[in-house]
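What follows is a pair of complexes built around chain A, which joins chain B in one and chain C in the other.
Let's turn to the complex of A and B:
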């Protein structure tokens, strides 16, 4: 382990200040489940970390207003188990509950979660494997390699790494926003604008400035939240990243007509992937096996398969179909 | 508390489950055997309390004074040589004491491969030359005062390489294929009759090829050693199943007498064959300890284990099966290509199972070894049988379908109840038919509808029921037991047994304790069992090949016989040892036993550190254990995830020496079988060599939520011939046949005959 400086902030102000003063490469430390892991793999090498896990104003969860307001420092487990989140946004709760393991969820924060990095084996496997994300310009080992888990959407000639998280996918489906603060900035960005596709700079994964901290996540309340689910398909029942996943939400009006629909895909793209055309295909329709399947097909229309991941197109279509069928039972309840 | 079944239901895994009854916490073999009535109360796991309290000592638990820590540096190329090291940055890390790179000639020599008459997991010692034989090979070793410093410094060692072409997969250019019978004459191919002619004229023929991936044993406890020089003597604390090979291997490498080495290994946290011999880190570690003049501990990091540990080799099997129209099997031809390394020939024995599973008169086996640039493969739980059964038992299922026969009935009709088709000698005992019948009964097989896709749950979930059988040799090794009886007053007597054996969690201490309490009438808490320690009784020959119980128990039985004789007690039947010993001086005596027919010079062989397991063929008979597995799979109508909500397994392992740990062995074997069939597969990227899936994230093992009900039942009929206590083998047979039972169930549910493991969602979607 390389030596690094450690500062524990008590207030948000202290954290912002310490981050700005820390110099280039200084990183925020929340639960540490991603950051320490990547430091051990020598992928992240911050000279200093600013621990925000004791900043109590970051951990608040407020469900009283027109938005769910979730502090970036809230633990995944606490948000997953929150009764209002479970009732009004089963998709959000499930996306957390189906991620990682209970031990990790007890440590990890919902803010840190958004900034987790790809699980690409070549990225994590060390310097022997060329990887543009880890070492810009070195090449991409995955493109002609074992790409069973790699992206079907949003890849480039430089990188096809999947964004692995679940929570951001569910947030994306429900138009979440982030309040962000830096030494001179205080801004709100749409979650949709947080993650970026790799393009020719796969090392750049999001639009936060190095000195900005995510303070809270806000999710507008909508009836589609109640009629929602997060369905995650993986190589085993638990404790694995998604092969495919879908966050969906529906509101169904009189005579079973779909009024609102939300569909975002996880595990299949270089960033959380919303599919407006698939959402649109359902509006004004009844939800049947056929319309659900069609929405899945629309969602995966532009998918680009590599060598070993083609099966995830059909699997993804079925995942969307199944998720919509689950959401229907909740939406019409 | 939700039960596991409810939990699975909650996760959407299983809809309505057919009534199953699971054996809970059995206290008597009678409860397990159902029809067998045994009087004896059996101990639960004798070390359970220590385990949950964290009191059990494993290889890395010992912390001697002035301890230092070692971390290996591994090669990042597929093959070639190291031209130059740069260790400056590593040496500058505070706390670093030594960066050991290439070891000069004369300081360390390579211990020979265990299967070439030696001691080692492979016959190639890294670091004694500039060679890089495979990606992930150790090329340097860093020793520092703290693990953190050693880890940091190891990451800073850089090497400049010269690369060479390599081949890791069976089909790659540059592999070399060898006929095993030619290159290792003591492992000839099994041939009975004229299988090619009999197959050619068989009215019904099946011909299919099955692929098995490389698989890695991943015991929870990592490979770990702590070494300490005490003057000229070396103390090794290591988790192993073979203290004898560790002792002789390290002595050989260092060029010192084995008498100067002691190996202490009271418990291993899982071994599964990976810890069955001398490991290649130990020589350099002992050397490093001598150089730094301090004890050194090395725990091989998990990711390095994928290249440091032996593994189940990739394999391709072609099976041809001929039968008549009534379903009688007439001929089988079983041809196997499996991976070995460049530096060793790892002998295969796939046909040991296929040649005697059924009564097939004409049989021909052929093993080919494919040399690849990897570490040497090895014995991973049911090393050949697991994957051989996948091929054979899938074919038998296909035969059943082809003829419209019930798969259980077809197997019963081809049973070879009394005679081993390979040797022509009698089987010591074979209750396979009873395993099948009892299993079918417990599973509710009569309710099975044979049509493919014919069984569905209300929600459209496809239900598949599959069956398969397995067998595994009942092997035996030589053992020495030292028994000491010491009176603790009128009602208590302490019995201390020191015997060849290793505790890897399988329960050898519990089995030994049961034997002693039952025979001598002493209390469980007064039995002390010492295993895995060369300071007790040497040699501490390996505990592998499922021979542990059948090896240790007969030696102890013999010692107890001597004790009875010495004390003037009746030779058999209940006795009261505490009363007999009351007021007497302690008694200590020794007995030793070996496998039936083993020559006397076997004692010299084990004394020299050699391997001396025998079986399944003995001079006058053949001895095997058997199992039948019945599996239900459920496959969702849309997504098609494959789930295994229940398994019924019935095993014939001879006498059950310890019901609690025996049932646990079978359950563990079934769980591993589920993992090995549906999850585990080593990935190789041919451009880079080595194994790409070198972490527990990329190499998927099952989690608790993947496992449903496992109903275990044991026949528990003592074997009349193999040894005085009637035990055969159990640890490995438990896993054999799980893979084909699942594959056959997948076929029954979906009509997909998957011939490559692991079977994943993409195979059935």
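Let's turn to the complex of A and C:
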């Protein structure tokens, strides 16, 4: 690991100031489960690190208002098990407890989770493998390599690395917003505007400025939250990244008619991937195996398979179908 | 290797004060050092094991302020002022095994034993969290601890029995 200057911030103000003063490449350390791991692998080599794990004002969870307000420094485990999150947003809770292990969920923060980096083996594998994300212009080893876990949506000629997270996928389905602060800025952005597709600059993964910190995540309360689930299909039953996943939410009216639907896909795209056409296909319909399956097919209509990942198209269609059937039982309860 | 990167001098040491198994520990660390390495190499607490060193196997599981974490991905500087419990800290006052450790023996929950300290620390937290309602829940909440000998059936049985006997 490359040596770095270490600063522990006690307040958000100190953290913002230290980050602004830290110089190019300075990174924020929260739970450390991504950054410290990648520093060990010498994929991340920050000259300076600002530790925000003791900034208590970042850890608040407030469920009393018209939106869930979750501090970016709250730990994944605490949000997953929060009784109001479990009751009003099972998809959000499930997206957290179906990720990582309890040890990692006790460490990792819900803000840091949004910015976790891809698990592409070529990216993590270091200099033995060309990787445009790690070393711009060096090429992509995955496009003609082992692309079993790589993206079906949103890839480019430069990069097909999958966005690995679950939480951001569930948040995307429910129109979450982020409050962000920098030395001269204080702004709110839609989660939908946080992550970007790789295009010709796969090293750029999000729209935050280098001196900005995520302060809190806000999720508007909606009835579709209660009628929701996050279904994640993995190579093993637990503690693995998604082959496919779906965050879905439904509201169903008196005569069984779908009034509202939300569908976002995880594990299959270069960023969290919402599928409005699939959502729209359900409005005004009854939810049956057939309409659910059709929504899954619409969701995956634009999927682009590589060499070894085509099986995840049918798997993804079935994931959406099953997720909708689970959500129906909650929406009509 | 480090030499492939631009030359840089060793960073300033950071003074840490925390407790390990109830006793105060003071140590000056390089900010790069993991809690795992500090426990094993500086404090001679070698019960905590290094498996993958990347947060994927759970062999290095310890408790920080009562919560289980992987010590390999915990920068030591982050435990300043906190309370760390390792496998060396779970025995009874006269050195007797913790009931969960005895249950691991009774249920053949280990073969080579390398993952066992991490399994026990994770199992203790699993019980304290209340994630022992049934075998499926135990498996889900123990999934961060791999056992390459495949002693999983015994591990689940040991946790199930100990949770029931101790009222978790």
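Everything below uses one rule, namely that the second predicted complex is superposed on the first by the 333 of 333 C-alpha atoms of A that agree within 3 Å, B and C clash if a C-alpha of one lies under 4 Å from a C-alpha of the other, contacts with A are read in each partner's own complex, and residues count from 1 in each chain.
Here is the rule we use: contacts are C-beta pairs under 8 Å (C-beta built on N, C-alpha and C of every residue); 3 or more make two chains touch, one makes a residue touch a chain.
What you see is a predicted model; the values in this text were computed from it and never measured.
Visitor: What is the contact status of A:36 with respect to chain B (first) and chain C (second): first, second, both, or neither?
Guide: second
Visitor: Does the superposition put A:5 against chain B (first), chain C (second), both, or neither?
Guide: second
Visitor: Using the touch definition from the top, say if A:51 reaches chain B (first), chain C (second), both or neither.
Guide: second
Visitor: Regarding the shared-chain residue A:15, is it in contact with chain B (first), chain C (second), both, or neither?
Guide: neither
Visitor: Just checking: does A:239 make contact with chain B only, chain C only, both, or neither of them? Give me first, second, both or neither.
Guide: After superposition on chain A, A:239 lies in contact with both partners, chain B and chain C.
Visitor: Once the structures are superposed on A, label A:100 by its partner contacts, choosing first (chain B), second (chain C), both or neither.
Guide: After superposing on A, A:100 lies in contact with chain C but is clear of chain B.
Visitor: What is the contact status of A:319 with respect to chain B (first) and chain C (second): first, second, both, or neither?
Guide: first
Visitor: If we overlay the two complexes on their shared chain A, which of chain B and chain C does A:119 touch? Say first, second, both or neither.
Guide: So A:119 only meets chain B here.
Visitor: What is the shared patch of chain A, the residues that chain B and chain C both contact?
Guide: The overlap between the chain B and chain C interfaces on chain A comprises residues 1-2, 42, 127, 237-239.
Visitor: Per the contact definition, I'd like the list of chain A residues that touch chain C in the complex.
Guide: Residues of chain A touching chain C: 1-6, 8, 29, 32-33, 36-37, 39-42, 45, 47, 49, 51, 53, 77, 100-104, 106-107, 127, 237-239.
Visitor: Hey, which residues of chain A end up touching chain B in the complex?
Guide: 1-2, 42, 119, 121-122, 124-129, 141, 144-146, 233, 235-240, 243, 311, 314-315, 318-319, 321-322, 325
Visitor: Under the stated contact criterion, what part of chain C meets chain A in this complex?
Guide: Listed in rising order, the residues of chain C that touch chain A are 2, 4-5, 8-12, 14, 30-32, 34, 53-55, 58, 61, 67-70, 73-75, 77-78, 80, 122, 125-126, 129, 131, 139-141, 143-145.
Visitor: How about chain B: which of its residues touch chain A in the complex?
Guide: 11, 13, 76-77, 135, 148, 151-152, 155, 638-641, 643, 679, 683, 685, 687-688, 692-695, 697-698, 700, 702-706, 760-762, 765
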